[in-house]
Amino acid sequence: MPILDHLWIIPLLPLLGSAINGLLGGKWPNTIVNTVALGATGLSFLCALEAVREFLTLSSDKLPFPPQHYFDWIVAGSFRAGFDLEIDQLTVVMLMVVTGVGFLIHIYSTGYMAHESGYYRFFSYLNLFMFFMLVLVMAANYVLLFVGWEGVGLCSYLLIGFYFLKKSASDAGKKAFIVNRIGDFGFMLGMFLLFRTFHTLDFTTLFAAASNPAWGHEAWGQFGTFTIACLLLFMGATGKSAQLPLYVWLPDAMEGPTPVSALIHAATMVTAGVYVVARSHILFVHSETAMVVVAVVGCATAFFAATIGLVQTDIKRVLAYSTVSQLGYMFLACGVGAFSAGIFHLMTHAFFKALLFLAAGSVIHAIGGEQDMRKMGGLSTKIKYTFRTMFIATLAIAGIPPLAGFFSKDAILFSAFQIEGGHPLYAIGLLTALLTSFYMFRLIYLTFYGQPRYDEHHVHVHESPWSMLGPLVTLAVLSVIGGWIAAPALWGGPDYFASFLAPVLTSPQGAEAVNEAAAHQLEIILAIVAVASALLGWGVAYWLYIRQPAKPEQMAKSMRPVYNTLLNKYYVDEFYAAVIIKPLMWISTNVLWKFVDVAAIDGTVNGIASGATSIGDTVRHTQSGNTRSYAVWVVIGALVVIAVIFFWPAARPVVGMVR
Amino acid sequence: MTPQLAIFFVLAALAVLGALNLIIQRHPIHSALSLIVVMIALAGLYLLMGSEFVAAVQIIVYGGAIMVLFVFVIMLLNAGVEERTNVSKLAGVAGIPLAVALLGFLAAAIARSNESAQAGVEAGTLANTKEISTMLFKDFVYPFELTSFLILVAILGAIVLAQREKS
Amino acid sequence: MVPTSYYLILSAVLFGLGVVAFVFKRNVITIFMSIELMLNAVNLAFVAFSQARHQSDGQVFVLFVIVVAAAEAAVGLGIIILMARNRQSLNVERVDFLKL
Amino acid sequence: MISFLNANATIIIYLVKIALLLFIVLTVNAYLTWFERKVVAHMQSRWGPHRVGPHGLLQPLADGAKFLLKEDPTPAGVDKFTYFLAPLMALALALTSIAIIPFGPEPLHILGRDITLGIADLNIGILALFAITALSVYGVALAGWSSNSKYPLLGGLRSSAQMVSYELSLTMSVVGVLLLAGSFNLRDIINAQAHHPERGIFGWNVWPQILGFFCFFVAAVAETNRVPFDLPEAESELVAGFHTEYASFKFAMFFIAEYTSMITVSCLCTIMFFGGWLSPFPASWTFTHYLPSVILLPFGLWVIWDGIRYETIFGRLVLPGIGTVLTVIGIALAVPQLQFVNEFVQGPFWLLGKIFVFLFVYVWMRGTLPRFRYDQLMSFGWKLLLPVSIANVVITAFAILMWGAR
């Protein structure tokens, strides 16, 4: 089994592509850059496929497949972090999503970025991102995972600020980077705590140690090691996956090119948080508090972002907020212990949200870079393929059966309903689903229906090239059939997805409870309710934006404060600015700069310098330049050495005289 | 008073006188000549101790190459009698006592060391050339290579130093 | 049958004379020669020890010293030639500017 | 008296040997000058010396007398000590180097004592020779410097530079031989070439060491400041080079020193590359042992006949006397009763023969070759000779590693 023994090939190929393009690509024409970038990604996709095939055909006695150790990276005392890659069911899913969607988006980018400057740079970053993401999902210990974690953060920063001449873009990049650092700080603390507790950061050993029943279950409100570690890890997750309170960077990240938004800020990177939580579920299930916190935060984020999404006018921002809220769904799933459901939603969401972004990119591309939905409309006839694919994606995200979104979201809501005290979560989740379908259809209607609101003389609408449409179609198909693997679960059959992930995500609570006859009726009912809410949202959207297009403005006027609050995203940015940034600025100006730097550090340095000068002035005179005097000094030195050796035997080893 | 001892004393006297002459003479050529005398005397002592190879090398390299270089340079620069300037007070004052002190220390160290208690050196006990060569090319091969490199560097340095700037 | 200490004392005396020359000669070439003298004294001690202890490595070391002396002579004489060229003097006390 | 002799026999023997050798060498030197002049003259189709005595045979004596009797001025402003030291050094070193040469294989038995041919038989023989050669630079250099005059100074500078440069290749080119012999001792080197008696001439070192031989010979010629490397005393440029300011016997010292070193070099060439005292014929050809008598007999007869033609005392008496002596020796070597003498003579005979050949080559070169230019000399020495000799060392070492010393 060649690839399984050489897992390193999969991440290394994109790195190579990135290096080649980044170092040499500057002078090359786009076609060569394409060949390199697509070649690298496509090859690694094929390798991933092969690896998955080999892994699935692995005889059961070989399972679980042991981590592949390639070289020791850090070795310090008892601490050991190797470059170890592993592959298991969870990794398989992530691998497929990352390489597959990544490859499609690469193809799409060749069309979308065709006319941009810095083409090679873009693809170099993109490949680099692929590399780090693959490292992240294949890492066999927290340290290597953190490498990928930071690497994708870096790439996201680079790509958000791709148009670095645009101030807003570079600011957005910095914002993303800084906010992520806050989360990473927690993540690192969590790692430290874990290492201190288990003396290792390798997944297999660590989880084996953690699943030892000797570690008791930490009840609600009890802050043991697990709770704190999990909360810290989750802090990192909130940063990376844009959950409350650290979600603020994601909407601004839309400054980057659309394929980036699709790949990094919808499909792959932002789901890393979910992946980490799922990966370390064994730690989480130990702690009631952590689970509850995850669930509540996820739920709150989902609802919160959805409400903001209601009123946004920038098409990509709407999608961004919907991403945030969908991520919230995933965390909700994890929080209620349905990790497989969370991962499932992660996968389906990757499909349709990537599709949405790409389609939105296609729309923007079509009408010449305009992103404001108020300046669109009536595009459905002009760009048919884009419209159809985007509509499919909307159906999927809204949770209309039998598309992917329906199954995953239903599974989440169901398992949220299952756990005790989960009903409020379920209720909010349901409401969010309603809102989701509303603002998604609002987006559709504003964009594709009604009268064209753009200047038809200047803007000449044109369908995108097939290099862009191809991925759209592929993703559309995926977002249709992507969820069917879980379909049997709905008709009471086994949940194939859960059972596939079962070897990894065996958690004492949650998903197992599903397969019970009693629960089955309930699931049907809940599904119907969910679909009903989705349809309701769709209806409202239709009524508001097709029947009386004037209505929304009146509503906005009638409840101005609410509208403004939503429009300004609850003034969260302003709040942060006031509470955190201003004080920080003040401290750094008045304390760090004026006092510490100027007074203390510079003072010391200058003092040393002047001291050296004065000493030199006095000592200078010994340097007469007369060789004979120097000779005398040499002799004196020799005398001193000999005298020491002679009178002070203890010093002989020091002087080097062994006897 | 065995013949060896006699030879030793003769050669030692020769060496010391040569060294003294090196100091007394005021013309570098004469100093060089007296230094050559010292070296030849030392070579004789080596022979007396039975290490012929070192003796030969001493004469060939020191006497035949290094000192020739010195003489050559003196002739090239046409160096005259050295002038007795006394700019350095320190050397004038502290020189002699320091040298005496150094000598005293060394003598005391020798007197105290248990080596001198040993019987001593009878000629030709060992150190036939073969042994030296095996040691040089087996145990000390890396230092040996290093010295070859050192010589290369020295040659380059000398060339760079002595060549006139092409102007 | 010569006691080792004789050789050692002789080498010590030579070394001391070398030091004296080192301090008292003004001609840079002579100073150089005095350094060679000291090296020779050390060599003598080396050979004496190696013969007294019946170990050849002392003599090997002497060979190394000679090689180093040769290299040093090459470079040093180059410097001396340069000095004579730039200063028209070989007296070290006339060359104390610490700069060219 | 006898007891005294017995007591210090060794010392006395040594002294005698030294005196003898000195005498021989000096005489040979004297007649070498005669030989050289004759040969060169004939090469230039002249008669050469032929006034003083038959064939000018007494010319060397006349020259010696001239050297001794001439006035010996000391130029003004010379550095006295060095000025006197230089020729002494040159001569002393040149003569010392002869002492290491062995002249015959087995010792002479006289009064129950073994007297080896050759004075000092050191086991670092060749190294000692090189040491002495190395020191012999000083004679020339100091002479040039001390005589406080331009041309000598230039000559001295040149010679010291030249000697130091060529000493390297001289030493390197011998290493091959030393590797083959595995010893510094000259006797061992010769015996190493006698390893295959049946091969005769083909057992000598020249064949494996042809490269080394050429390097050695060239370097040696340069060491001895002979044509074509006689730049230190290039008459046409430097008047007479380093010994311009020297007159009468001091000059003679340099002269003798030069010729002595010629002899030494010839000895070295013979010993190290041409099998020393080994006969060029396979050991089985015993009849070749009569070669000495075969040569001596007719030569002696010719000398007698030649002497008769002169009417001078010298011609009438001395030459026939020498002739008869030679003839007698030739006959004596031939008679079976004195076989052991013949056997004993073989070694020295071949050795001297070869040495003679080399001396002739020296003279021959002087008669034919032009002089190098200084820069040519240096570049030749450093850029050609040294690399070649080093390459020779490497090749030899490799060969020995592959196929062993023999």
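The first chain written gets the first letter, and so on, giving A, B, C and D; residue counts start at 1 in each chain.
Everything below uses one rule, namely that contacts are C-beta pairs under 8 Å (C-beta built on N, C-alpha and C of every residue); 3 or more make two chains touch, one makes a residue touch a chain.
Only a predicted model underlies this, so the values are computations on that prediction, with no experimental measurement involved.
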Request  = Looking only at C-beta pairs in contact, point me to the busier pair out of A-B and B-D.
outcome  = B-D
Query = Using mean CA coordinates as chain centres, what's the chain A-chain B distance in Å?
reply = 75
Task = Would you kindly tell me how far, in whole Å, the mean C-alpha position of chain D lies from that of chain B?
result = 32
Message = Based only on mean CA positions, could you tell me how far chain C sits from chain D in angstrom?
response = 37
Inquiry  = How many angstrom lie between the centres of chain B and chain C, each centre taken as the mean Cα position?
reply    = 6
Ask   = Residues of chain A touching 2+ other chains?
value = 624, 626, 628, 631-632, 635
Query = At which residue positions does chain B touch at least two other chains?
reply = 53, 57, 65, 69, 74, 76, 87-88, 91, 95, 98-99, 102, 106
Ask   = Can you list the residues of chain D that touch 2 or more other chains?
value = none
Ask   = Taking all chains into account, which pairs touch?
value = A-B, A-C, B-C, B-D
Message = Show me the residue ranges of chain A that touch chain B in the complex, using the header's touch definition.
response = 624, 626, 628-629, 631-632, 635-636, 638-639, 642-643, 645-646
Ask   = In their shared complex, at which residues does chain A touch chain C?
value = 623-628, 631-632, 635
Note = Per the touch rule, the chain C residues reaching chain A in their complex are 19, 22-24, 26, 28, 31, 92-93, 95-98
Request  = Report the residues of chain D in contact with chain B in the complex, numbered from low to high.
outcome  = 79, 81-82, 85, 122-124, 127-128, 130-131, 133-135, 137-138, 141-142, 144-146, 153, 156-157, 160-161, 163-164, 167, 171, 184
Key: Footprint of chain D on chain B - complex, ascending   = 27, 29-30, 33, 36, 40, 43, 52-53, 55-57, 59-60, 63-65, 68-69, 71-72, 74-76, 128-129
